């Protein structure tokens, strides 16, 4: 029996949430979950429809993107996940989707401006849209370079991956992450909803202002600050 | 056994309607129901997903926001509900959501103009969007002050809470209320639908006019006037 | 036992299709079905949620709007239905909804232009938007006058109710009709879809042209002309 | 027993996927599947609602559009399918829908620009919108001429039907095809999603750029090139 049974089960469940939440069509998208002690992660196999997946199909890969266990080829985006796990030591899950509104913003090559408390409950910054990758990066090891494009975009803007758990890759689509695969899935759904709200707000009022700093701070801190009082404190 | 079993059951059911009606995602939103004689209300616990809720999880709070019974921490928005119950003696329920279109209008910081009879069947005024709160209010007791922001916005516009049972808080999201929690839930769904229709009407015709006063009066009165003839008269 | 059992069953089923097709929320909307020989129609009772309806609740009314049988008050829009049945001898069903996109066009006070074959498969003209009613009509017998507003709008434009089976009442919402209640329900769903497509087409290309006359004629005739070849010819 | 039982079953299943995927309303749309050795295809009967279909209802037609077997009249669009099968020897399935966003672009008479990798995963070109047909073509054998309009639009733009498996017919609606009926259905759903994303991207940023050539090439080749590494290689 696989040593990774629990990890595979966890990432299977995370993947199955994506169609339930309306974030993926057919084989689009993928979720992974890491076992940080063993420096491996489990990820969806490439191009398999969600309703044909089983936990045993999940592929075990190390943080350099090398397959350790699995009968199927892992997601074509595996190396992007690997780069994020390798560089960000506190994440336990990564999700990639082509969800409709988030992808529309990525195609528009625009950051999603922070316009309301729904956004501020989850992050204090605009949701960054990384520039489309350079020709060199695309023609090189494309998926690995996508990981570096994400790392660099956060660094260039002075953002911490522990506070900003989502990004758009310009002309492409969103990636999210978090302490667990479950949290990364949650972030993908929140991103899609925030992307839709921002799109609609700007249709209603093209001059709608950015959220004021005091509200950004308040909503973030009541959920995530030292004196957070949202939730059950666990 | 709790003295508040029936009240908890009622507010549990009101909360469970929110995901059914597509008004909330994950743990967003909360509904409360008051027992006005005892000057208490029951409310959803904070940060718990709807599919994990049970009636016993509901928290009993007095009109000053003090917890009287319950094993869990009440919704972080509890003090906003408390302020509304304390000041408006004829309401029995309050609902807060981040429903997509209503929140988009709140982020746009625009009142929803009364443009059709769907709107006039429920209220005779534009749906007010309270200004975003001042820094002092945000940095003070934020949730309590949100309640006062709502009270003040209605008062400034000369609106009665018994006729206008819904509001947007600018940069944030909608609150609704009514004689019962069930009515407050109903109002949240109506608000979301009216918000979507108004958004679309202005896309189709940016110069679309406000509903004429005779139609506002007629539709309101056939449902709510002394000689109302909509419904079964109960 | 009621003499109208079959008629009530038919109109019950027509009403229940409205929430299934996503055309109504809560108690919004109503469908009726006529027995033209007996000069009566059955209609939904006023203000009752769809999931609480039963066939026996349907109310039997004559073409002057007088209730003949039923324990409940009929839809507040009953007189509008009655006027249409009284004046249009070949219709067997009428439906009124506040479906989202059709109502958005009604609020925008714009005819829905014929832009594609989806529209032309069902009617050869723009979908008319009757002007909002005059104050006299609103303050008089409002629902009866709504029927006359519909009759007059078709007449003013030289349209036949047998070819144009749908209309928007400005600032209000759509009405549809047809040889049967089932056809009127079908028309309500088609109208909503055509309204959505037209709204989107004009967002994509504000100068999108009207459908050319040869295509209007072709699509209408292949479904409805003397040599129609769409469907199974029954 | 029919010699075409397996073919009918396959095309029945393809048709039933269309309402499941939200691509059709009532009787709109149709899917066909070819048996290229026998030079025949099976297609949905005309004007029958999806929930009343059974495999035996499928009609067998040759590549000139002549009915070989079936109790019902085939889809009114049968001759369009026949023209495509006759001229394109490597296709095994054709689908026609009036899906909402794709039809909105067809009504807008605009090609859908390639703006992101979701699009490039499936084709390397803008999705062409064929001009509305000439009066001569409409008044002649309309459905057969629709097939030629599609053939000509691809040829005029120098596109291969094996790489571009979808098109919009201006003022009308989309057609898709592929090696199998299942692939043609897949393409219809992808087209609808890509059409929605492009519509939204242009609302967010009317000046959003076309996808760069290196990304078009990369995404196409990782799925479809000689060294494709997406999927399980079968």
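For reference, chains read A, B, C and D in written order, and residue numbers begin at 1 within each chain.
The criterion applied here is as follows: contacts are C-beta pairs under 8 Å (C-beta built on N, C-alpha and C of every residue); 3 or more make two chains touch, one makes a residue touch a chain.
A quick map from chain label to UniProt name: A, B, C, D = L-ribulose-5-phosphate 4-epimerase.
What you see is a predicted model; the values in this text were computed from it and never measured.
If more than half of the interface residue numbers appear on both sides, call it same; otherwise different. Which is it for chain C and chain D?
Different-residue interface.
For the sequence-identical pair chain A and chain D, what is the superposition rotation angle on Cα atoms, to the nearest 5 degrees?
90
Return the distance between the CA-based centres of chain C and chain D, expressed in whole Å.
33
Measure off the straight-line distance from the CA centroid of chain B to the CA centroid of chain D, and report it in whole Å.
Chain B and chain D have C-alpha centres separated by 46 Å.
Would you please write down the residue numbers of chain C that are in contact with two or more other chains?
202-203 - these are the residues of chain C that touch more than one other chain.
In the complex of these two chains, what residues of chain D are touching chain A?
Listed in rising order, the residues are 115-118, 186, 189-190, 193, 196-198, 200-205, 208-209, 211-212, 214-215, 218, 222, 229-233.
Going by the contact rule at the top, pick out the chain B residues touching chain A in the complex.
For chain B paired with chain A, touching residues are 25-28, 45-48, 72-73, 76, 98, 100-101, 103-110, 132-133, 135, 138-139, 142, 171-173, 199, 202-203.
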